[in-house]
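Structures incoming, each one as structure tokens.
Shared between the two complexes below is chain A, which pairs with chain B and chain C, respectively.
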Partner chain A sequence: MSAEVLLQATVQGLQMGAIYALIALSMTLIFSVGGLLNFAHGDFMALAMYGALALYQSFALDAYAAAPLLFFGFFLLGFLMFRRLVQPVLAAGVLAGAQLTLGLVFVQENFLLMVFGGDYLSVPTVLSNKNLVIPPLTMPWPLLVGSLLAVVLAAILYVVLMRTDFGRQVRAITQNSDAAALMGIRIDRVQAIAFGIGIGLLGLTGAIIVAQFTLTPAMGLDFTLIALIVMVIGGLGSFAGSMIAGAIIGVSESLGSLLYGGTVGAMIPYAILVLVLLFRPHGLMGEH
Partner chain B sequence: MHDSRLLSSTTLPWIAFLAVALAPLAMSSSWTNMAILTLLFVHLCIAWNLVGGIAGQFCIGHSLFLAAGAYTSTLLSIHLGITPWIGMFAGAALAALIGVFIAWLSFRYELPPLSFALVTIALAMLGYLAISSIDFLGASRGLTLPVRGTPAMYQFRSDTTYYVVILIQVIIALALSMWLYHTKIGLYLRAVRDNERAAHAIGVPVLKYKMLAMAISAALTAFGGTFYAQYLQYVEPHTFAGINIVIQIILLTVVGGTGTVWGPVVGPMLLVPAGEWLRHSLGGSLPGVHLLVFGVLLVVVIRFAPDGLIGAFGRARQAWRFRRGATEVVTR
Partner chain C sequence: MLEISGLVSGYGRISILHGIDLRVEKGELVALVGVNGAGKTTLMKTIAGLIRPTAGRIAFEGSEIAGEGAERAVAAGIALVPEGRMVFPRMTVWENLMLGGVHPRARPYREATLERIFDLFPRLAERRDQKAATMSGGEQQMLVIGRGLMAQPKLLILDEPSLGLSPLLVQETYGALRKLNADGLTILLAEQNVKLSLAVSNRGYVIENGKIVLTGASSDLARDPATRKAYLGRL
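Presenting the complex of A and B:
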């Protein structure tokens, strides 16, 4: 196998990794403020991708132009859903919360199946089927733009968490929610906004990477699992960790499929997760 | 006083359960398929509840045990001609071994909360991908059992016999779960669930009991897997090793009430027939609409009764008693 093919797969893996990291970061944001393990995470993104499809079909709106719209729509959806549905269940414990999100997987998958049918669908965009050729590399534009935007969005999220009052409140709740409440932070409000931003980010992410994927109603679970893996391997709440873990998973998946076939490629992320949990249970960059 | 309470808390649910469970035997055979599916899920939910409910360890890996039961008995039957009546014990033993191994791997150290769910979901996905790619296991096409048509080979002419088999399995599983719940083992497991550190501090051998719970739960699940494989007469990865069936088991248990004896019985007995009815009446109109309604139903129950129908029932009864007590005081 030539070095060029390996390089090509590595670059593609890194680009996928940036996208995985962004999905994992929105999952981390949701997890860190209330302990909610969101098993419906990828399904929200699938919903956004189908949303981009619907906007294209109805208004001929390009997915990249629809991205801000989907961000605000999904922010509202997340905010309201947290207030009306998630928060009351979360009060009964994080386990009940996780179980609720399993129910949401069921609802969202079948909602998409009902509205859009089970066939494979794709969303045409301005960048679809265009490649950037820098010899020896050939990079699909949708993946390149998607991964670059993912890095930018992750950086913005980092700045928001580190430099704004909202970010400080989120971090305070993550470290000690009782103490944060005593300091006058309105925990339920911060939680709802964080959940809204997390879901909103998924709306945005879905729109900017939709050109790279073929849509099926059941695609969400795969993204959820990848996000869980990246989140855990990186160490909960570590930005650098998530980026590194995303790169590791993206590259190993891409090289694994190239060298050993698709099934082994798909198995590698899970195997890495099991190994990391067994030997470094707090993740690569996690705090003990 | 004590006797009458025992009657109401233990005997009465059994009588109600047997009355409902025996009813399909008197009904027309078109109901039998649904009744079998219902009891199969009751069986699987009881098994999952031992680990996921009573011991409070959120396991998403039960598809591995289901597959162990289904594939072991099927392979033994195809290649060696061993009857699944024996094969099911081999499957259960294999599942119990896997379960103990997973528990040992995951609980050696104190892992961050919910990481057991992640380890098990990862192992379940690995198992699913492995089974779908190994030719000896039929890969994604699956394996079909040879037709032998004799009860000695776990093959029956009428669905009613399958129903009797799964009913007996459920009764055994339920009796076991009830016995476990009230013995030392169940008390230890519940102590681990409620406060693991405190349980450890007072001398509960936490790791040992978690491994024990996994072994029993895995073996029971494998028996369900063998039954399901024999009933369908084929095995394939999506049905027997996919994550979806675990999600269903968990949701049905949650709706009934996790960690209770009767929750995993009530959940599937109400919802599996409801789901089948929805499929019957809505399934033809739009793809997925019956599952959507079903999912919304699940979410609504979890929203308003996070501790399940058993918990909601208990609260309602308490409120009713309280009100009655209050009126008695007033009339006095």
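Presenting the complex of A and C:
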């Protein structure tokens, strides 16, 4: 095996890792505001990808141009969902919340199956099937752009959460919701907005990576599992941890498939998860 | 300024307060004393809007705020410094203070108020970028008082500010409260430390099993045989 091939796989793994990290960060955001473990996380992204497909088919709108639209659409979806569905259900307990999101998995997958059918579909974009060649590397533009945007979005999310009043309110609710209420923070509203941002980010992520993937109604589950693994390995709530864990998972998956074949490659993230849980149960950079 | 009448409140179906009447006038420092479990914290939380009362009225500057929620209380000008400090542990001193003034009512004055708080508690200025969880109990107590002040309150309510503090820090904390009151801030203080709270306050209430059993000028209460027998004797 040549060094070029290994380098190629490593770069591709890092790029996938950036995207995984972003998905894990939106999952963390949703988890931290209301304690909801969103098993339908990847399915929302799949929904966004099909949304990009529908916008392309109906209005010839390119997925990259549709990205802001999908962000706002999914923000609204998340905001309303929190108010009408998540909040009442979470009042019955964390387990009820998890069951709700499992239900949403089936609702969304079957909705997609009903509307778009079970065939493999793809969304043509301005970047589809184009490569950037910097010898010895050949990088697909959709993955390159998707991963760079993912890093930028993660950085924006970091700044919003760490440096703005809104972000401080979100963290205050996470750390002590009674004390947050005493500050006059409208907890319900901040939670609904944060939840909206989490789902909105999935709308955006779906749009910017759709050119890299083949669409099938059940594709969401893989992303949910990867996001869960990255979230746990990185350490819940740690930005740096999620970025590092995303890179580790992306690269190990990519190199694993190259060296040992697809089946073994796909198992590696789970093996790493088990090892991390054994030796660092709070994750690589978890706080407690 | 604050007028409470016939207040019944508690957790779920269990009533802790059985008809409380209490007033605080503008500029006063009023003490609410009672043993652990008498209902002090429940009363403070109900005033601050964290607990919805089942009966009674809480009027603040003439408007009814009972059961309207914590946001309404902050908007009206009430800040509660809770028992057990309740800092935001993984945030810095500065971030905690900023959150204290995050309500739209207080937000425009944050920078100026921050200066005043750093004057009052120079230790907080030194620890500005330190995470709240890594500070001592006394420093955390200063922080939650500062955080309460950031809300620009007309009425500052403190629940057991002396709890778990060394005598020296208690003196320091009470010195700050006295100074704030002298500058015109109205204060309602709940304490188990009867001697100390009656020494700094103008008036006092004694609460027992969810009822006010004695009230009067603090100096009279401190001399009252009933208070002495019930509380001071045990100190």
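Here, the second predicted complex is superposed on the first by the 288 of 288 C-alpha atoms of A that agree within 3 Å, B and C clash if a C-alpha of one lies under 4 Å from a C-alpha of the other, contacts with A are read in each partner's own complex, and residues count from 1 in each chain.
Heads up, the rule we're going with is that a contact is a pair of C-beta atoms (placed from the backbone, for glycine too) under 8 Å apart; a residue touches a chain by one contact, two chains touch by 3 or more.
The structure presented is a predicted model; accordingly, all values stated were derived computationally and were not measured.
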Review point. Is chain A touched at more residues by chain B or by chain C?
Key: B
Check your understanding: When the two structures are overlaid on chain A, which partner does A:A271 contact: first (chain B), second (chain C), both, or neither?
Key -> first
**Study point:** Contacts of A:G184 with chain B and chain C, given as first, second, both or neither
**Key:** second
Exercise for review: Could you say whether A:Q175 touches chain B, chain C, both of them, or neither, answering first, second, both or neither?
Suggested key: second
Exercise for review: Classify the contacts of A:D165 with the two partner chains as first (chain B alone), second (chain C alone), both, or neither.
Suggested key: second
Check your understanding: Looking at the overlay, does A:V107 come into contact with chain B only (first), chain C only (second), both, or neither?
Key -> first
Exercise for review: Report for A:M27: first if it touches chain B alone, second if chain C alone, otherwise both or neither.
Suggested key: neither
Practice item. Jot down the residues of chain A that show up as touching in both complexes, chain B in one and chain C in the other. Key: none
Check your understanding: Can you name the residues of chain A that touch chain C in the complex?
Key -> 165, 168-169, 171-172, 175-176, 178-186, 287
Revision key, fill the gap. Listed in rising order, chain A residues that touch chain B in their complex are 35, 37, 85, 88-89, 91-96, 98-100, 102-107, 109-114, 117-118, 217, 221, 225, 228-229, 232, 236, 263, 266-267, 270-271, 273-274, 277-278, 281-282
**Study point:** Parts of chain C lying in touch with chain A, wherever the complex brings them together
**Key:** 48-50, 69-71, 73-75, 79-80, 82, 86-91, 95, 98-100, 102-103, 105, 107, 147, 151
**Study point:** List of chain B residues in touch with chain A within their complex
**Key:** 56, 58, 105-106, 109, 111-115, 117-119, 121-123, 125-126, 129-130, 132-133, 243, 247, 250-251, 254, 258, 286-289, 291-292, 294-296, 298-299, 302-303, 306-307
